[in-house]
């Protein structure tokens, strides 16, 4: 069953890469991330598939705004004459890179480690994670307990990318005028009305993901993206642009600071071992902080892109 | 050479997007193949140690056929950061297209020369 | 388990339809059909391998797959009407 | 119960087969849109009713019922969005002048 899904996955991947007209790329990429979300289910990783599903709407929106600006701004496009393409030019453009990638592929596959995957580490984690970190969800307890160091730097990378997006497209005054975005309809048509009904469901689901991230599949990252996609729907409904960036940027940096303090206090100073009953609140607090950070980060990126759209 | 066939699919996708990256005429095609490359890497990590009918590692002990929680924990953050990095790429692309009015590599090289 | 195989066959038909669809709108139609088919596939997979918790994700997936469709539809609307 | 459930599932699959067949037979785009709006929704709902019958009265079938309700809302809505956007762009009618008479 999984092999057929993976064949579809590769087909949609090839389609997305070689699409001639740019508009088709968005549709093919949406199919690509849909099928990869299902593949993650079958691989036994529901958290990752939920992250992929929640994020696919974001990458679609970023692609759309990027193409919108591309079509308006770019004027010089090389119209390479297909018929006059000599072999040497086509060779340079197509055949050489093809055999280059094929060579690397063969090398890589040849040196791929074979033999059965020894499951020592997996058994260790599965056996120990309830005692050390608490909570039922092994993946959450790993990236919050055993490998909290990576999570801190992941949050730092998110902060850096948010800051770079904000400042590369910074506009001093973000006026609260009506931000017209690609013909978003007035607020009484059918689709906007149903979004208004569905939006609370998305918000409640995001909060659900955060709060019991350590029991059922979920956790800070997916919950944050779910809440951020609630703000996308809010933008679709009200189509007004009243997000104050200064406050959100400061607030995001504060969340990041409290995240570091909490992690350092708990894991590195060893409070963990003396007060075992504080474990579940620690997991909850970390999940909430990460979710707030991710949600603010994505809101800023989304609204900066909407600002791009209007300029 | 008895690794699972599933990993081969992910590796194949990685090299297809690498090929797409190499032969991309414009910057946009490069960003698109980078997106597919990221998802291919995530798929490869998750397909390690895959048996049919594998169960997620939530609330299960060592006994039965459970998926490895470690790569899953790393891949959740990898996807979120991947999208944030894609957003940064696109901001640069928009700034580039505003200044140079083009996103084709050949024209950009000529323009840089001046 | 037979239903899952048949659903995959339908998905393949939709992918072909998306590739050869004449207008961009057919591709959008193909995309939404595939995302609907994916939800049914998850429900079928959950019921045949009787894992109850997978159903929450089918529910969630129906919500989230729907937002990207709205943005794409409006973008293409603006695009094609722009150069009329 | 199991057999009855399987029969209903097969009926749902037959509906979906008609949908897939229709997708290739209809020449006009709006007819193909009918597949998404009606045929696929009906096929999916009979499929899930079959699953509910297969699983009898349990927490599982309650969730499937919730998914059916969500389907009833979302599927026609996506078809509406695509149809409206396609109509506006193919006919090139601006929003303001669209007084619903279709202009033809």
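Residue numbering begins at 1 within each chain, and the chains themselves are lettered A, B, C and D in the order written.
Keep in mind that, in the parts below, a residue touches a chain if its C-beta (ideal position, glycine included) is under 8 Å from a C-beta of that chain, and two chains touch if they have at least 3 such contacts.
What you are looking at is a predicted structure, and each value in this text was computed from that prediction instead of being measured.
K.L.:
Consider the two chain pairs C-D and A-D; indicate the one with the greater count of contacting C-beta pairs.
P.N.:
Counting C-beta pairs in contact for A-D and C-D gives the edge to C-D.
K.L.:
Measuring between mean CA coordinates, which chain is farthest from chain A?
P.N.:
Following the centroid criterion, the farthest chain would be D.
K.L.:
Rounded to the nearest whole Å, what is the centre-to-centre distance of chain B and chain C, using the mean of the C-alpha atoms as each centre?
P.N.:
22
K.L.:
With chain centres defined as C-alpha means, what is the inter-centre distance between chain A and chain D in Å?
P.N.:
Between these chains, centre-to-centre, one finds 29 Å.
K.L.:
Whole-Å distance, chain A centre to chain B centre, using C-alpha means?
P.N.:
Result: the chain centres lie 12 Å from each other.
K.L.:
Among the residues of chain A, which are close enough to touch at least two other chains?
P.N.:
1, 46, 67, 183, 191, 198, 216-217
K.L.:
Taking each residue of chain B in turn, which ones touch at least two of the other chains?
P.N.:
If we look for residues of chain B contacting two or more partner chains, we find 55, 58.
K.L.:
When you check chain D against every other chain, which residues touch at least two of them?
P.N.:
77, 81
K.L.:
Which residues of chain A touch chain B in their complex?
P.N.:
1-3, 6-7, 9-10, 13-14, 16-18, 22, 25, 29, 32-33, 36, 39-40, 43-48, 51-52, 55, 58-59, 62-63, 65-67, 69-70, 73-78, 80, 93-94, 97-98, 100-102, 104-105, 108-109, 112-117, 119, 121-123, 125-127, 129, 136-140, 142-143, 147, 150-151, 154, 157-158, 161-162, 164-165, 168-169, 215-217, 219, 221-222, 224-225, 294, 297-298, 301, 304-305, 308
K.L.:
Touching residues of chain D toward chain A in the complex: what are they?
P.N.:
So the residues of chain D in touch with chain A come to 73, 77, 80-81, 84, 95.
K.L.:
Can you list the residues on chain C that touch chain D in the complex?
P.N.:
3, 6-7, 10, 13-14, 17, 22-23, 25-26, 28-29, 32-33, 36, 39-40, 43-44, 47, 50, 52, 55-56, 58-59, 62-63, 66, 69-70, 73-74, 76-77, 80-81, 84
K.L.:
What part of chain C is in contact with chain A in the complex they form?
P.N.:
Against chain A, the touching part of chain C is residues 1, 4-5, 8, 11-12, 15, 18-19, 24, 27-28, 30-31, 34-35, 38, 41-42, 45, 53-54, 56-57, 60-61, 63-72, 74-79, 81.
K.L.:
Taking the touch rule as given, give the residues of chain B at its contact with chain A in the complex, in rising order.
P.N.:
Per the stated touch rule, the residues are 1-3, 5-9, 11-13, 15-20, 22-23, 25, 28-29, 31-33, 35-36, 39-40, 42-43, 46-50, 52, 54-62, 66-70, 72-77, 79-88, 90-95, 97-98, 101-104, 106-107.
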